[in-house]
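Structure incoming, see below.
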Amino acid sequence: MSLGLIGLGRMGGNMRERWHAAGIDVVGYDVNPDVSDATDLADLVGRLEAPRTVWLMLPVQFIDGTLEQLLPLLAEGDVVVDGGNSKYTDDQRRAAAAAEHGVRFVDCGVSGGVWGRADGYALMVGGEDEVVAGLMPYFEALKPAGEYGFVHAGPVGAGHFSKMVHNGIEYAMMQAYAEGWELLEATDLVTDVPEVFRSWREGSVVKSWLLDLIDNALTADPDLSEIRGYAEDSGEGRWTVQAGIDLGVPTPAISSSLYARFTSRQDDSPAMKMVAALRNQFGGHAVLPEDD
Amino acid sequence: MSLGLIGLGRMGGNMRERWHAAGIDVVGYDVNPDVSDATDLADLVGRLEAPRTVWLMLPVQFIDGTLEQLLPLLAEGDVVVDGGNSKYTDDQRRAAAAAEHGVRFVDCGVSGGVWGRADGYALMVGGEDEVVAGLMPYFEALKPAGEYGFVHAGPVGAGHFSKMVHNGIEYAMMQAYAEGWELLEATDLVTDVPEVFRSWREGSVVKSWLLDLIDNALTADPDLSEIRGYAEDSGEGRWTVQAGIDLGVPTPAISSSLYARFTSRQDDSPAMKMVAALRNQFGGHAVLPEDD
Amino acid sequence: MSLGLIGLGRMGGNMRERWHAAGIDVVGYDVNPDVSDATDLADLVGRLEAPRTVWLMLPVQFIDGTLEQLLPLLAEGDVVVDGGNSKYTDDQRRAAAAAEHGVRFVDCGVSGGVWGRADGYALMVGGEDEVVAGLMPYFEALKPAGEYGFVHAGPVGAGHFSKMVHNGIEYAMMQAYAEGWELLEATDLVTDVPEVFRSWREGSVVKSWLLDLIDNALTADPDLSEIRGYAEDSGEGRWTVQAGIDLGVPTPAISSSLYARFTSRQDDSPAMKMVAALRNQFGGHAVLPEDD
Amino acid sequence: MSLGLIGLGRMGGNMRERWHAAGIDVVGYDVNPDVSDATDLADLVGRLEAPRTVWLMLPVQFIDGTLEQLLPLLAEGDVVVDGGNSKYTDDQRRAAAAAEHGVRFVDCGVSGGVWGRADGYALMVGGEDEVVAGLMPYFEALKPAGEYGFVHAGPVGAGHFSKMVHNGIEYAMMQAYAEGWELLEATDLVTDVPEVFRSWREGSVVKSWLLDLIDNALTADPDLSEIRGYAEDSGEGRWTVQAGIDLGVPTPAISSSLYARFTSRQDDSPAMKMVAALRNQFGGHAVLPEDD
């Protein structure tokens, strides 16, 4: 059993190891020749027996360009899986482009980060029933050992939609713990904040895997003094809020979480300049100079 | 080893069983004579050997009245533990009142709900070191079997402060999952929403005990069609937001969660009446009659 | 001086009267023949002297179809103005389509609602300098009499972007007053809420035109008892939040306002069903049946 | 007609001038002897004819101490007005303290800032009907010339409650404009942001006094480059959110506005440290060092 894998970065590289361990022969391709098995896409396709399965594990900006080169190399009956963090609204268009070459398209959201290699990845899959059924050996090799961690969520697009929502939930859960941590840090009453978080790992309502990671982080740096309060956001938090707007679903907690990240990346808040200017205008309240 | 326990409702009753199982002799008192061991507070105090430990497991509105009766019955060296969901700002006042009788006061936030009897309760404790040390057998009997689930968070008040923050985090985590669920329900793409949540129980970043409970709930009622979108709030979510205001800590996700509950209890939103009225005033947009 | 006007609904009809009053000859077309001057688009174009100006005042969903029919009828040097509430991201595409016919495109956000006919409309315009300059007589006829009410905000798209932000601000201002009104209604302390709002019309920091309209609304219905708390939203609030997400600009107050409208249109909140289900799962808290 | 005035800062000093202009004899006292008429409170009381009216215009932290000294100096039938930004929950307690001396207490929220001296102040008054009626000459001298600007909102406390809500609304209105300004600054499409705001002063739905002040501010500093994005908050925004929590009224827009100010005063966000730490833990995402 073989699999073509395009993209051998942190995620792709780790996933390759789980497939190897399951006895699946992975032919990998990456722009970095040091980690590539194949010299180019044509070489990769040539090394796979038909019907082929090619799994993309790429940053979103490279999906369309890669498909444009890849699809003409494939044949009727081949399958392409997009395992990256693509926007769900792109999936059906890509499936249609694949269909023009007789190629079936499946979208698969993959969660688990750097822990997936050891613990298995949670997989959220969108695609036709029979195509998904044929891919099960690849999914089985990636997913955790237990009964959970895999879902065929619906037709093409459903996998990335589910993964997007998963990440939106993740944003708000992290914000929840972060607000709680800031409160505990701010009070004089609580004298050992890391120990409070640690204690919640059993018996509490808020016990979770993220909480276990908080314990790790606070064990290494009890007041996070070495880390700046600066958080990037990948596309999925933004898309979750946009999906809420499109569907008329209020997402106040997820939106708050996204906006807190936006604000964390500003040296100075333009909006708060305006508020300061207005307070000065109507109340004579002092403003701070910008170079203060 | 004995303990006086005042309040034998759902929480107190279950906790009594864990203490019994640990060989602690519990003398219970409740306004409901069917579950009481003692006939009144004086009887309860009389049945305990000095130095006594009396644990209150009462709704917040009954704490002050109970202390007023109880403290004169106690003696120098006795200890009172408030295990209820009291507001942290009341603890130091109550400790001072107890001190006037030579009684030491400890606050203990208890998490675990209906699952605590079997799995153990997470305990967050505030009080003086030596008093807390003396209470460890009682705490050990309640907490889960593992290494977590107990914290001595600081001086009097620190336990209830920590429990309050715990509940604030819990509000926002529940809101996070709830927003995600509403999104998944709203899209046509995802055809098996319960299965998506179930799949996240392993390998995902959002795995948690609350997620396990979501699986239970969706197994029983896959689209929650039997449950009304109506959520009460206990005091702790409100107090968390207030504490943020007092400490200058922004809590947008927790506040959103609290406000969503407020709104869920309104038949009609007064604020939205005003928005509708204004849209009609400036744009001639139709309003819906109240009895629509 | 003449103008072709496509769309004679509430906005278009009122604007026609201001143009008439300014001595501009308006040839109107609408799908409703009772208010149309021209029988169809070809007739409308035929009645205008070159170079023609055609102003669209249409719901967004009709813009592309109308342009598809209209542009081939126009000639080099003609100008099309989109005065509707179009999304700014569509403007440059439409300008390019117009340019293929030698037609110049200008976008114009129009504010003022039902009051614009008497008081003048605030206009926010995007387009090339010389094209906008040539349209000034039409703008002058629409705008209020004073020194304000018109801005050439930038190139094509800048007019609708500015109008979109205007409406986003409007959402949050309305929400601000609405929250204040709900607070005043909720307390027992304040015995004459309409009079409080009325008093703010002079001397206060919150005096505004919207406040004047609140006074009108509360004079007609002092507790808004006849109006349901149900608010539609047009596209512009949604687009403002989306623009914030695209630009990395946090818009918490505008987002809150949008979400409050979403919620107002739900009979029951799916998210709150999930919160209720979870509270029941972990705490044994009662849920209300859906048909309660 | 005479009035005792305690507190001659920016607000008190300007108000004195409006009373003088109305022919009211003001005896002022301030801790700053340069602006005081009276040498101390006893001197101030001695210079007033009974029944006396004494108006406090003091920062909230000095009200209780001042009343403690002042009330024993007053006599049956005298009236004390608290014109400061006191918390409404303190009013009834202070009225009760005054009543023990036979003194009547009135609370008066005063809006208008530095513009009040010229334009008049908006007044929101709480107290008994007959006491308020007797104070009308003082209120008439302060309020704007037109028909608005004064309200007797209810019993003691209603004035400060109304003023608190007024300020809460003000917070969210300022945030609304500020978010809009940040959006307009962030896009490349709009080339003259100050002119966009200026244009809205007529014909738009968002025209207001605050908008006029924005025009002033942007005329002086078109991109607010000299002002830091740092905004203090007085108590009233916080109290508005607290009142919402106490009354079960959701205030998402006002809360957002308050939290944006909190965040503007943080060099680094503790909450975002935690989010960054978690992203690093589960995804291996880089964190920025604190001293970056």
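By letter and in written order, the chains are A, B, C and D; residue numbering begins at 1 in each of them.
Heads up, the rule we're going with is that a residue touches a chain if its C-beta (ideal position, glycine included) is under 8 Å from a C-beta of that chain, and two chains touch if they have at least 3 such contacts.
Which chain is which protein? Per UniProt: A, B, C, D = 6-phosphogluconate dehydrogenase (Decarboxylating).
As the structure is a prediction and not an experimental result, all values here were calculated from the model.
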item: Interface numbering overlap (same over half, different under half) for chain B and chain C; value: same
item: Farthest-lying chain, centroid of Cα atoms versus that of chain B; value: C
item: Euclidean distance of C-alpha centroids - chain B vs chain C, Å; value: 46
item: Approximate Å spacing (C-alpha centroids) for the pair chain C, chain D; value: 33
item: Chain C: positions in contact with at least two other chains; value: 113, 175, 177, 179, 182, 186, 205, 210, 248-252, 256, 259-260, 263, 270-271, 282
item: Touching residues on chain C, where the partner in the complex is chain A; value: 205, 238, 241-242, 245, 248-252, 255-256, 258-260, 262-263, 265, 270-271, 282
item: Residue ranges of chain C in contact with chain B within the complex; value: 10, 113-115, 174-175, 177-179, 181-182, 185-186, 210, 213-214, 216-217, 221, 224-232, 252, 260-261, 263-264, 266, 268-285, 287-290, 292
item: For the chain B and chain A complex, residues of the former touching the latter; value: 88, 111-113, 116, 119-124, 126, 143-144, 146-155, 157-158, 161-162, 165-173, 175-177, 179-180, 182-184, 186-187, 189-192, 195-196, 198-211, 240, 243-244, 247-254, 256-257, 259-260
